[in-house]
């Protein structure tokens, strides 16, 4: 028997809708004991006061508690990303590990790890970079992948600063990186992404001055996707890659968009995993798409290919919401469905204004990564 | 000498930025006497309390007053569409008419007309449909186009109901179609679009029950683009088509998106006007794109190809803003620039959830519409 | 032994924070078996996509399930009102019934009832008015109050229309009152309030034409407070009044604000329950305030005492959010705390632009209602 | 003849509505040559992308250009403050200077000054504090007030950082205080307020470390009101005080609210200028109120008198908008009108979470400041 990764995409009707998950478990399509991580797009604003993420996690934990021991429920990484702007569709992506008779290989491999709780004053600083890098290495070990080149996506859920956490640090006389809650999300995402870059050998920790976090966007990981949430104090890490030790029909590949409309690298990646991708995926091809995972952000320059954008100057709608909606349209039009995982805030995740895109697909006969 | 249409796309730095227009006039690239209409994307929310549109119009009028008599300034149709969500870029599209030595023909033709002021109680009702249909016919006559099939785009700016206008109708005992200002924008856009459909022969006025306005979205024009603004009480109408009586390098064609990610009809239209359009327009091709004009809206079904969207249930961000951002991404990724005119609120403009797209391009050698 | 009502005001740190409730139960301050209703202010937008209400209810149910049988948990009315705009502070108001040695009387009395599920097409219509009136009468009977004049506040949680519920009605060919989700909240609140007016004899059902719902704001209840939420399909009703059959330290009285800054009726009510209320309640007086429950809304005229307001024309912030923040300031400055229950959307609850205010206070020696 | 200050409060129907100003000038109630400053509340969000302020200024300048030479139009300080949240009502406050036969004295005195343009890198830093302090001293000299104790209000309009201004500083290698446009508004307001404190002797420049700007809110002016806008690059300063060299019916006094519901100091100030102020100003008293000018802001502690508020954690509505709506309600309920000038962002203007309030009123017989 070999290890096998399975990916289930489940539509939700509300942040706490776990009916599709329950059905999949009851029908035997998902073995809850094998669930490593659940990624989800929820309906909130994806910013500080987005409680849909915690609500979803609460519902997921409650549903899984009917099938698993408490410690097994807690071992799963719940990576809810708020914000289904534009036509982005709320859904869950369940990542499951099991075993199967040896078949097509190499195949998708999944690993996970968690860090310990982080102090408010470490958020957005080198301490966070190192804490995450260590966690990524442990997640790779968990997946049985030794070569960083075989990793195509690292999803991290990281914490943020709230008024209360700032006050707690103040009481201890600890200096925090920012007093702006929304900004703290960006710093935490950025430091986490740089942690991925360090773990994957894209950057060396010596290359990253502390002041570069949230500033020097030429420093980035091409495979990190990080998401900040008010509901946790540590980091939940999931790595996705290809491994000859795993088998099954699923493959993964990735692309890096240089800016918000840079579709050619994504089309190339779609082709590498066997799609025609001449224009939009055809109706016949679409079922083979297991999941699309991407990051989006506005370029800090305030323009896209020389054309001014207004995302950073908008005080009514957070810039991350604009970017998710826009890049959501770009990517949905390529794959023909808006049930894709586009997460905002791509600081140090891909180049400034661009972002990484991972594609998980069922193998077409004869296509290997 | 023959009639010739010219189209100028000018970036703006703020709603009242007319510096590029002034420069183009001073450099002789634009003859202000020939300006028929100025379309603009401005930074506001595109909804009721969007004052960026009026601010832009005020600045444009003031700039043009340095070159034109007051009545000439007022004769121009100012069609500002608020909302540059996502990476959409604020800009102006100046439509100019002049004469030239006969050259390539048929070519882009431009006509315009205005209706009289509409009463609050007529907004969103059959009276508005007929008022607009009559205006479109006059604009076609102005363009010298007799065959409705030669019309590819009709842009209309229409009024809306505000608290004050409602109160005024109340005082007269007149019954208005809605008490919701945001909803009144949709009704006004919808009735105007149905007016286009009637004028172009896509629908007969007998086919349109009054109750269908804002409800029966199977009734639509494939070539209407309507935009509501607080700053006017009448309708400003511009028709764009192809005519053998006009000459010059510009062509126009149109597509109808069946939903928000229906890119194939747009790619086909891009090819018809001579672009390669295999993936994104190349850097070399892009300068030939004079303008892209489109409408976007969320499907009233609440889903896109079966995937639930949340645009209609979002009380923080208006649905039109979501749709502009998303479809803005879809279309920008096709043409390689975010300086495109995507306007929200496509009621009765293209099918439910989809919308019309017009492409104005410089002719490639040998390509005729 | 006599019946006795108890009111507990508990601060929350998040929508799902039930720690103060747990502590109060564990310390014996609250007997969960006596809880009739829990009112709560949560951090959401108070509009259609406010999931903080359901999240709060989910957490409350889960916490109470540790102490009560499932049917007892479900019998409690959970009336979460989203929106803590301005400095309004998230908190819970737990209404409990018990028995005690006969003491001060008359005293606060509490009754509750629930209706059956309502169909989408009945929302905002006379059917809803009658359904609610019937429910209020049953809640009065539950409180043992026969005379409607002894009722000072009726709190109702009612459902709304979502995209899905509309589609469901469409499939059955049923005609719904509106296609606008946000508007459906107002219609449901309004019809519910008129149901209260009918039950309390403030209006006769014959006086209410169906078209008056959401339009004729001269028809109203002075004691209704209704709140719409996506998380329920029926109505949860709680009545609060004074009764000689109940004893204890708590009293209730109410005032009706004629507009958003009409503070004199509130000051008079504060005085009736024994406060000095010359300016703001003093620090010494404040602990006697058990709860302040109020409704706020923008006047549909678009002005307040002749001064134009912009709440109804704002497409960035819902009018109900503006009104809660503003009236929250008005009332908080009277009582000296922002931990007050101000709920938005006061359609048919008090006069147009105004709203009812109930004050529950510990009796000062010698003060009787 | 003596100097005399006049204050005109004019309702507006839109940001560019200057009809009331035109009428007042034509009726001879306002002599445009005497206008020193025009304060205005406009309908925008009061944050970075609020173009209603510039639109209002554009309309005011245009209207005044019919009566004044260009340099006179430019000499006037236009202090538009965006944000009419809650029921706050858009209006203008025109401050005019003239001469009159000697009458009641001391009386309201008005002075003004402008600074030169500030560089992006000086915003939010000590350079800005000193630049503003110098400007305030010149405005006092302009008013003929030597004793800082006679100054009751200093209104300043200051610039902010936009994406473009940041990029400009970047090109020069200059380091800016923040990359967050919204945050830059707070830093600019704060540094300007500290400049007032220095000029009025409330603080010494030596007491203000650069790092205190935007952080040490125990350092503040009790009489500063500063407002940031995208439309200017320098500072416009207006001082209001009492002077024996001025005569006329108007008086000014001020109060400092310690927090957002601290009404007693305001009631005391209302009494000092002759109002009964027992509860709300009566209808008979209200016409004597010429203007109320105030600042509002959320406390950085995240709570108000121990009750948690959510303003700082809200990513949908800017904290300044929440605070204006809430404090707008507090103050409108005292004076009985919502046509009051409540401006957001009170960094270093009054204590943390509180703010200064100035009251300009017609003298009641026998009342002197």
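The letters A, B, C and D name the chains in turn, as written, and every chain counts its residues from 1.
Simple rule for what comes next: a contact is a pair of C-beta atoms (placed from the backbone, for glycine too) under 8 Å apart; a residue touches a chain by one contact, two chains touch by 3 or more.
These are the chains along with the protein names UniProt gives them: A, B, C, D = Cyanuric acid amidohydrolase.
All values derive from a computational prediction rather than experimental measurement.
J.: What's the farthest chain from chain A if centres are computed as the mean of the Cα atoms?
T.: Chain D.
J.: How big is the gap, in whole Å, between where the Cα atoms of chain C centre and where those of chain D centre?
T.: Chain C and chain D have C-alpha centres separated by 38 Å.
J.: Roughly how far is chain B from chain D, going centre to centre by Cα mean, in whole Å?
T.: 41
J.: Scan chain C for residues touching two or more other chains and write them down.
T.: Touching at least two other chains: 13, 43, 45, 49, 164, 310, 313, 316.
J.: Considering only which chains touch which, label the overall pattern as line, ring, star, complete or other.
T.: Its topology is that of a complete graph.
J.: Could you list, by residue number, the parts of chain D that touch chain A in their complex?
T.: 45, 47-50, 162-164, 167, 179-183, 215, 300-302, 310, 312-316, 318
J.: Where on chain A does chain B make contact in their complex?
T.: Result: residues 11, 13, 43, 45, 84-91, 260-261, 263-264, 267, 278-280, 298, 303-305, 307-311, 313, 316-317, 321-323, 325-330, 332-334, 336-339 of chain A touch chain B.
J.: Which stretch or stretches of chain C touch chain A in the complex?
T.: Residues 13-16, 43-44, 49, 51-52, 54-55, 58-59, 62, 164, 316 of chain C touch chain A in their complex.
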